[in-house]
Amino acid sequence: MKPKKEYVILPKSNNDKEVTDLGLGSYIPEGSHRIINKDGSFNVVRKGLSYFETFSVYQWLITMSWLKFGTLIFSSYLLINIFFAFLYYIGGESNFEGIEASTEFHKFLNEFFFSTQTFTTVGYGRINPVGIYSNTISSIESLIGLLSLAVATGLLMGRFVKPAAKIIYSENALIAPYKDITGLQFRIANKRADHQMVDVEADLLISHINDGKVKFDKLTLEYDKITFFTTTWTINHPVTEESPLYGKTEKDLKDSNAEFFILIKGFDDTFAQIVHSRSSYKYNEIIWGAKFVSIYAAPEDGKTIIDLEKISSFTKAELPESKILSAEN
Amino acid sequence: MKPKKEYVILPKSNNDKEVTDLGLGSYIPEGSHRIINKDGSFNVVRKGLSYFETFSVYQWLITMSWLKFGTLIFSSYLLINIFFAFLYYIGGESNFEGIEASTEFHKFLNEFFFSTQTFTTVGYGRINPVGIYSNTISSIESLIGLLSLAVATGLLMGRFVKPAAKIIYSENALIAPYKDITGLQFRIANKRADHQMVDVEADLLISHINDGKVKFDKLTLEYDKITFFTTTWTINHPVTEESPLYGKTEKDLKDSNAEFFILIKGFDDTFAQIVHSRSSYKYNEIIWGAKFVSIYAAPEDGKTIIDLEKISSFTKAELPESKILSAEN
Amino acid sequence: MKPKKEYVILPKSNNDKEVTDLGLGSYIPEGSHRIINKDGSFNVVRKGLSYFETFSVYQWLITMSWLKFGTLIFSSYLLINIFFAFLYYIGGESNFEGIEASTEFHKFLNEFFFSTQTFTTVGYGRINPVGIYSNTISSIESLIGLLSLAVATGLLMGRFVKPAAKIIYSENALIAPYKDITGLQFRIANKRADHQMVDVEADLLISHINDGKVKFDKLTLEYDKITFFTTTWTINHPVTEESPLYGKTEKDLKDSNAEFFILIKGFDDTFAQIVHSRSSYKYNEIIWGAKFVSIYAAPEDGKTIIDLEKISSFTKAELPESKILSAEN
Amino acid sequence: MKPKKEYVILPKSNNDKEVTDLGLGSYIPEGSHRIINKDGSFNVVRKGLSYFETFSVYQWLITMSWLKFGTLIFSSYLLINIFFAFLYYIGGESNFEGIEASTEFHKFLNEFFFSTQTFTTVGYGRINPVGIYSNTISSIESLIGLLSLAVATGLLMGRFVKPAAKIIYSENALIAPYKDITGLQFRIANKRADHQMVDVEADLLISHINDGKVKFDKLTLEYDKITFFTTTWTINHPVTEESPLYGKTEKDLKDSNAEFFILIKGFDDTFAQIVHSRSSYKYNEIIWGAKFVSIYAAPEDGKTIIDLEKISSFTKAELPESKILSAEN
């Protein structure tokens, strides 16, 4: 039940703060500001590298919303065809067979639609290139069309098969009675009904200010791994004497600007890959003296029923005396 | 040989049942109802989230049968083309060149087939768009056709490359003689002749009611990992004094509504990924006093022959006295 | 240095052989027959399941040679187009525009080429469908063409991105002097110059007959993991007193029909996946009293030079007395 | 804090150097030459296998620059179409309908453009094949076109989804004060702003010449794993009495031709895969008596600001006496 050694940052007498660069920084934001947002993203800004050095086009295209992605596809299609229509228009009408247009705008339109027919390789052929110029450009355009299809296929697959856990976290973490001591508890559930998770592991860390120093500690869990994650999991850190929370009050957590970080990892049945999820609780999201209410409804037809609306529901609960002090004591 | 600590739920005096949320619920269905079905799916119903929050279209398209998938593809193709044919029909005949039709229905048919030629980008061109309206719509349709191809490619690959173990389990688990005690044994084989599995691990858990409480325990295995999984593997839980099964009778397992859960994990040669398989045995699928018969036929040409029809075959076997009691004692 | 417990099959007094189903069977083929072939495949035949239950089309298409795959693609293309040409031919000439043929065979040929133009969606349009029958069939054929493209894309990617280690094994394993005892040694190298492997692990097992029983034992390695696998790795099993080889002679290995199994696993730089490789040495591939010669040539420009032609080269070496006995003693 | 046993190569009395084949060779290049380059590639040359045995076309196409890849695509397109245009040209003009050309060169050009229209399946149809010869060749060309598209799709996806860590390493490693001893320290950061890494592990090895023998040792790290890798990580090897660096001077490292190897592994959020990165420091890239300056700027809006331009910045720092001796002592 001792915290794993490799994570605990012991007080170091003659050591400057650089050595505590363990991936989460050496600064704890105050008040409601946080290091890890509820959605798992990090409040870190990088400077010193140009935008292009850190930017990944692929990543951007994979993670944007479907609406944005669709809009991007359609407007790229429009722009590419306007560009090629312009090239065809420059070449002049004599480069084509089948253009029937009375005005310059209609000619351009004809060439725009010819371009779409070339880019998508539909190639009806009523309008078709006769000169070297138009033939050369259209042979390039149809190749670009095919390559764009290849890229679109890759992007769509990347968007579909983006392995990530969808975990629902209880809104608050609780300081709850546990055996004859207390436990820091929160509850998680798998949001996806059709993706089973197995071999799920949890990591819980705390960042707090201790003797004026930023400290990160790993918190030991009652169970840090479960085999099947079908219903819910109440993750529990028992506040034993070894816990950095031992003897701490609600005010202590506030004064030390505490934030709890969670990393959930597990094997996703559908993706056949390890997926993970991150979240955090700030000190003001901790409820002292409470316990979660059951998430189970009465079973039907021998089936377990869980009601995910209750994932955050708790009731008041008496904490044992003198082990961990309640607020303002 | 002691059960791993993190899985065993010890009786807790002052703790309510929420803390036992270890992913499999706090309810054990009675009789032949079960938590994990033989095919590895879970008997859990989720409420409190809307259908769309938990539903994944991709997952649905990937896991449906090939017949359903084919039907869906063809009917989508039909509907999309009826929709576009309708749009072309609205635009009127003058928007097209090459339509030769005497009746309105034939005109619609002409436009339907023009639509299929556009969507698939085959574009013969006899019928082709001349107006702005029909050209605009057909340029959109051909783009949608290409994107549909990209999506279809992604879905087909997802359907092909769906890494999952295909494990055959013996129909029953046996309480068999093992050394001078007994063992709970079941037998598995790899169904796929062309997918080798290596580094295969097994987890065995039991859910039962103990002193009126739902308990989940991990059962220690004689071997919990094998390097090569080419033939079969008889997974064996020795019923030592540390086992939760120690001293239990057939009636005890029935009264405690016992169910055994299995998780098999291994590295699949072909997918180059970890795959897994789940199953379970309910108390009434346990045979007391039996042992598996050999699955091996006489070797031929120096080759080991296994007969998978015998995977579930067993014969009666005397259990040692006074270690684990037989039924109704 | 003690063998890991979970692999070692201890002699069991009252236990029948089924319990030794640890994935490699309960039969050791004699003479030059082997359980694992040099290329890593297994000499196991499955019966009791129909061919279709164990056969995976995808797996078959992914692993066949490029020549076979190409032949299959082209002959499928031919057959599909003959089939559709036949359907078009049945419909009659009046269903098409643009067929210019004097004989029935030329008509069929015209329809065959129209079919290829439809299947590939090239759709020149000189020959094009005018009737409902031909239009319906060609709209189905072009859809099938697109879906075939999607399938081909999936198969080609599966063939390209088939993560597997390409390991070269020394032809023989050696009983070599090691410190003041002996070691069973063999040498491996990464065949692929452009795929780096890191965190490479090795497993070594032996199957032999002991007191008339088939036994599988894990052999402890001097190093069972290396961080970088850039040059070669001489895998060494020190024959200490705990080794199942301790005190064994060349004749003992022959009499016990010994076969050594190897499983190599590592992280492949290019695939960003774990890959593995299997092989085996039969007792008659063991050289007693030899050591490998250096595989390194003189370094050039500060670069390490390895000569993979020497991977199997060894010289005679004196074995220490009385530790492990040489042949015929 | 003891080095892991499996990596440390102990001095062996009667053992020749082959046994030290632990993947990095048995030769340490002198001066500024190195075993692992700064970009993680290895200075190893393989001989004894033909070029084709070790060469992987796929790997080559996946790793070449985008410029080269684009050039290759376009020139292949050109060459394929010239080849088919030549085949069509051989067949003669009578095999085609719609060729309007006064010179032989124009005829060839017509057939070249017809070829591009066939390969990309755009198939306008003005020029179209009428004879058996041209129809046969164009039906083959359009199939090849489709298969090329399938290959291109696979290659583009392989190029996009190439999971690899982009780690920035500090230019130098430092011998810095640590507690009351010293530590070998270097600093890393994640270059990608949009790829979070979790569960990041580090391995540090040293190659040096010891008593005339090449030795590889694993160096123990203060922390060898961090949960979140959002900002930076200062990797620290404390030079305790167990360290192979204990008591060594700057001159010692030079004389032993020391090189430090680093392997970083972690789970990449976006790829949902383990990625890794390699690098090394040669003895002349070690700064004695220095410590890294803070990389953190003043936080803004509760956000941690890191300035990656400072990743290599250090200041002079006094080393504790008599523990590890500074240069030229």
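List of remarks:
As written, the chain order gives the labels A, B, C and D, with residue 1 at the start of each chain.
The working rule: a residue touches a chain if its C-beta (ideal position, glycine included) is under 8 Å from a C-beta of that chain, and two chains touch if they have at least 3 such contacts.
None of these values were measured; they are calculated from a predicted model.
Between subunit A and subunit C, the least number of touching-chain steps is 1. Of all residue numbers seen at the subunit A-subunit B contact, under half occur in both copies; the interface is built from largely non-matching residues. A comparison of the B-D and A-D interfaces places the larger number of contacting C-beta pairs at A-D. In terms of their C-alpha centroids, the spacing between subunit A and subunit D amounts to 26 Å. Each chain gets a centre from the mean of its Cα atoms; for subunit B and subunit D, those two points are 37 Å apart.
Each of residues 117, 121-125, 149, 153, 157, 273 in subunit C touches at least two other chains. Those residues of subunit B that touch subunit A in the shared complex are 6-7, 12-19, 21-27, 29-31, 33-36, 42-49, 53-56, 58-60, 62-63, 97, 117-118, 121-125, 128-130, 132, 135-136, 138-139, 142-143, 145-147, 149-151, 153-155, 157-158, 162-164, 203, 205, 218, 261, 263, 265, 271, 273-276, 278. Looking at the complex, you find that subunit D touches subunit A at residues 73-74, 77, 81, 100, 109, 113, 116-117, 120-126, 149, 152-153, 156-157, 160-161, 177-180, 185, 187, 191-196, 198-200, 222-234, 236, 267, 269-270, 272-273, 291-297, 299-311. Taken in their complex, subunit C has these residues touching subunit A: 121, 123-125, 153.
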